[in-house]
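Sharing a structure with you now.
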Amino acid sequence: MSRTLTYREALREGLDEELARDPNVVLMGEEVAQYNGAYKVTEGLWKKWGDKRIVDTPISEAGFIGMGIGASMLGIRPVMELMFWSFHSVAFDQLVNNAACVRYMSGGLINCPIVMRGPANGGTGVGATHSHIPEGLFAAFPGLKVCAPATPADAKGLIKAAIRDNDPVYVMENTLLYGTVGEVPDPSEGDHVVPLGLADLKRMGSDISLIAHGRSVIHALAAAEILQAEHGISAEVLDLRSIRPLDVDAILATVKKTNRVVLVDESKPFGGVSAMVATLIQEHAFDYLDAPIKRVCTLDAPAIYSHHIEHLQLPNPSRIVEKVLTIK
Amino acid sequence: MSTAQLDSPRLDFAGSAVNRELTPERKIDLLRQMIRIRRFEQAALKYYNAGKMNGFLHLYIGQEAVATGTISLCGENDHVITAYRDHGHALAVGMDMNSCMAEMYGKQTGCSKGKGGSMHFFAPDKNYWGGHGIVGGQTPLGLGLAYGLKYLGREGCCLCYLGDGAVNQGAFHESLNLAALFDLPVIYVIENNGYSMGTSQKRSSAYRGCLAQRAEAYDMEWDVIDGSDLYEVRAKTHIAMERARKEHRPSILEISTYRYYGHSVADANAKKYRSPEEIENYKQNHDPITLFRKRLIEEGIVTDEQADQISKEAAEEAAAACRFADESPAPTIPDIMTDVYWETDNQTPASRIGHHFFND
Amino acid sequence: MSTAQLDSPRLDFAGSAVNRELTPERKIDLLRQMIRIRRFEQAALKYYNAGKMNGFLHLYIGQEAVATGTISLCGENDHVITAYRDHGHALAVGMDMNSCMAEMYGKQTGCSKGKGGSMHFFAPDKNYWGGHGIVGGQTPLGLGLAYGLKYLGREGCCLCYLGDGAVNQGAFHESLNLAALFDLPVIYVIENNGYSMGTSQKRSSAYRGCLAQRAEAYDMEWDVIDGSDLYEVRAKTHIAMERARKEHRPSILEISTYRYYGHSVADANAKKYRSPEEIENYKQNHDPITLFRKRLIEEGIVTDEQADQISKEAAEEAAAACRFADESPAPTIPDIMTDVYWETDNQTPASRIGHHFFND
Amino acid sequence: MSRTLTYREALREGLDEELARDPNVVLMGEEVAQYNGAYKVTEGLWKKWGDKRIVDTPISEAGFIGMGIGASMLGIRPVMELMFWSFHSVAFDQLVNNAACVRYMSGGLINCPIVMRGPANGGTGVGATHSHIPEGLFAAFPGLKVCAPATPADAKGLIKAAIRDNDPVYVMENTLLYGTVGEVPDPSEGDHVVPLGLADLKRMGSDISLIAHGRSVIHALAAAEILQAEHGISAEVLDLRSIRPLDVDAILATVKKTNRVVLVDESKPFGGVSAMVATLIQEHAFDYLDAPIKRVCTLDAPAIYSHHIEHLQLPNPSRIVEKVLTIK
């Protein structure tokens, strides 16, 4: 039995279920409680769970995120909302040193079962400082885990896995996906948990592999339809879902099947998740590649504001189709 | 600031030196400036709702006396920098409505060529350094402008604006310590409209008397100002600016004010976290434009009709700006790749060495 | 704190309740604790100079009464977290010399398995949460420990230490506001040794009376303490801890103290930014161990010989710790890859899904 | 005419010359003045140039770096020392938003001629939080420039180029190189400026290309000697020197010559500079590759303290040799 939920509702349901499951789960962030969340992900939760479990914070990301990390060391399981993931910049030290390194530096005596979540995307006309895409940035730090759901079902499943995980997990949501709908298993069928580290083949194909995560998956799926309809090209779409841990086996499997790859990644082209995936593929499936791996990334400039062209700076189906067609 | 403070017996700041020297024309200009800001934003709101803009629109309506009053004191070596609620300051420094409106429309003719949007207006030629979206992020920049002024030996100061919610960002505190330690001519103007998004001052800040008093921790001067009274804004800000210019001593000014609209136009909760009575009280009793207009009429400087005419002209100017913006060309894809590096924009020899960009 | 403050007429805190209840044995323990810290570090210094350790060695020598006095007040629900100058606190919470010394030697038997080093001692089983190298970075963590205590309904507090240079980090200020706003049982202990590396307090901080007074900005309680007097440290810290435990109210305590050595052993300038007279004055007149030893002799609780014996035992314990460390095995390459993730360390089902590591 | 200087002296000479050339150049940072610099790079400069030009700051990286950025907008040319580049974490917002984006967001009305410099390396026994290697991290932000000199001559030449550049340039030095010596052209021969964006072929070879930057270049050169002497393999060593702008032509040239590549990069393996370089090579020199590109990075964990094995976590000549020998 399956229902249709928005990505936002799916996240909320996941949060709500985990709040019910474990009294140490506490949601914190700016405007998450009384205001119901800047993007309404936490709508109704404060009313249901009250002041202790759903906590509004001042605009002090370094302070409250560090506070969450400290509390997690004592066994609390904070789920911290960054109103935008872009605001990681003012809390970076807490995010990459305290959360990522305290276990290591203590020789394993401490762990930080904390979740940081919020939207991490461009495309909403809020300019350069508000449109960072930091999946690759954080996945580069051993000690951290990173995931980026593309669908409502994955959003619910991954947020639940993240909360149960005993390591810091950074969940990258997407403002432009919050309103999208999809089937999500009914709670009566049991816990819907999507493990970290497991990619999902969102579309089968034989000619080329499109590998993506987050909203780029949606673009890749749209591009695959066009490629099929207009060019007779059968594209397989692999949704990474989790960036670290990363499902390297699934990546190599699709490459070995199609022998051609286009990576779709909302990151800027210097680095990003796709540079890492390209590096892994060329190293571990070198003999299977019939053509160089190509990438469709965000055009290499700070995010432009103008809504007339902002979407053209980002990966989109037509840029993907074009890129695929350059591959012989 | 609490309404209690606002409602306490008022001093009349019209007589302070910096206001006494105002000519009638200049006073009318100040009224016009505030009205222009309001009409500009009302037009922006209309076309934002009509889908002409994207992202956030943070309206300054209700706060006009703060930008107008403080910036009216600026001389050629005084500089201005603020956060994302930046339209009022932009017009107050003398930016024209066309380039500001076009910026919001995301057009090439925008002050930032459509690259910055509503939160990122800039006009360095008018000593206006933005428009910054990261809460508190502009506060060290304002410090740096003050540092630069002092380094270059110019007698001037930097007015750096921030909200009541921004005072809890660490960078602001680091800036306060540096400002006091290095004796830098920066004035931090807290525009206290009582709320950071849906969070009231009480729910976001711990403080003793008021937020400006945090200055004492750094042995810095501070003052509180009623932001509905343009004369008071000018009188008290002038003192801080002179202290900065002449003695290189920084200050915090906390100016109580109010925004009539939500945090941004997208703020669906604007009437949930504030009572309709509270909003109505400000509009009725503390509107800076209404009060100053009334004052100038009392002073015999304008008539009702003249004031209406100013208002009408401002509305027409704003409407024209919307037409200008609408008819302007949008940036094209190649525009995405300019204004990243000075060297590549200027096609210098350095720009021809190595790859600066990595588009696939 | 200025020497003026230190040299003002002293109160006798021996009579305060929390000191009156000390048994003679407990008093001797406190003396022993301070001496153990000093002997431990003297041994560390010797073997650091002999090349047995790497990185920095930040000695606590001169500051012993701060960690010893404050931590002596801790009960089972009180927690401790500090910066990189962390040996004193480690021994004060009851960590053994062997695992601490072995940590600095970079050995498997170290408290952090040789992964953290001198700056990163940890013992969560003793409520000791490190040892943190980024200046100010531990201050939000301390807040979090306090948050956790309150959340879990435990009557306890967190002692979070920082230096006089660390007060200018933004994260600390964000923490102060949060502590006061949320009523969290955290006590920020500024160990004011007068310098951050080579920079005196005056050259790094703007302040009115003292650094702790910055608490007022957040309507928070504060106090200043003479860190050479163990009784005073205990008496005043006790008040703050009770306020935290019973009323969930935070405090800042500024404890004046002094480090005899340089910032770290690598600090070649240690005698340049401070006059030899200044250093000598502290050693002669404000040494916490000398003063407390003298006091206990005056109180008839120890004899000179007994005190010397304590000192000798501590030195022997430290020497033994060095032998233990020296003889312990070093980590091996596979050790590099453990303690990164809880899930992989514990070989959970989750750890078997996907690649967690990317070694070529 | 050439002299031998240490890397530290070469940097200092470069700073000194630029202080003399332009009265708007000002050095700032913690302990750079009266203390002569934590690593003595600025030794003597305060004495020579005084309080106005050499400025000690409190431990407020976000505050003083933002201050430098603000001052640079007004035409001052601040050279900011981060005592360790690792401390970028507490100033990240200023580094990646204000410095990197203000030009863009202002439509080109503003520029930030600022330099940030300091050591960025592991290997000195200071643990995880003090051993970050952020070249790749910052190069990922369009608007920023990044370089990493490996020799005294390059250190001097690049710091001078950085100071003259009208964009923000982040110079990544290395504590373990400060004491190393090398020839540096005499000032009497004219200004020694090494342009950003120009790689340097530090050793010619024909069998394999070792591509590196920073201290990894030194390891690559040592490995090349071993490969020649013990295995008869002729390795070419390309020193990237500048990460952004990047000398892609030089990278492709050496690959097209040797057809085999090992990238040496002190970054952690997820991402880093080397993942980007690998991605570029496989894309643009696909047909020239006789074997997959391999990398030697820092072992994928936070930096371990223990000096008994810390150097083994990092790239070193024997790890490079081993890696080269795996390539057929």
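Just a few scattered comments:
The letters A, B, C and D name the chains in turn, as written, and every chain counts its residues from 1.
Going forward, contacts are C-beta pairs under 8 Å (C-beta built on N, C-alpha and C of every residue); 3 or more make two chains touch, one makes a residue touch a chain.
Predicted model only: the values in this text are computed from it and were never measured.
Two chain pairs are in question, B-D and A-B; the one with more C-beta pairs in contact is B-D. The greatest centre-to-centre distance from chain A, using averaged C-alpha positions, is reached by C. Taking the mean of the C-alpha atoms as each chain's centre, chain A and chain C sit 40 Å apart.
The mean-CA centres of chain A and chain B are about 36 angstrom from one another, to the nearest whole unit. Chain centres here are Cα averages; for chain A and chain D they lie 31 Å apart. Shown for chain A are the residues that touch two or more other chains, namely 58, 60, 62-63, 89-90, 93, 97, 104-105, 127-129, 142-143, 244, 268, 270, 276, 283, 294-295, 300-302, 304-305. For chain C, residues that reach two or more other chains under the stated contact definition are 112, 114-116, 120, 132, 134, 137, 168-171, 173-174, 177, 181, 203-205, 339-340, 357-358, 360. Shown here, the protein chains touch in all possible pairs. Contact residues of chain D toward chain B in the complex are 24, 26, 52, 57-58, 60, 62-76, 93-94, 97-98, 102-111, 113, 142-143, 145, 161, 165-167, 195-198, 242, 244-248, 276, 280, 283. Residues 79, 81, 110-116, 120, 122-125, 129-132, 134, 137, 139-149, 151-152, 170-171, 173-175, 177-178, 181, 338-343, 345-346, 348, 350, 353-358, 360 of chain C are the ones touching chain A in the complex. If you check the complex, the residues on chain B that touch chain C are 168-174, 176-177, 180-181, 203-208, 213-214, 216-220. Chain A meets chain B in the complex at residues 30-31, 34-36, 38, 56, 58-60, 62-63, 86-87, 89-90, 124-130, 268-270, 294-297, 299-302, 304-310, 312-313, 323. Interface residues of chain B facing chain A in the complex, by the touch rule stated above, are 53-56, 103, 106-107, 112, 114-117, 119-120, 132-137, 165-166, 168-171, 196-199, 203-205, 269, 273, 330-333, 335-337, 339-340, 357-360.
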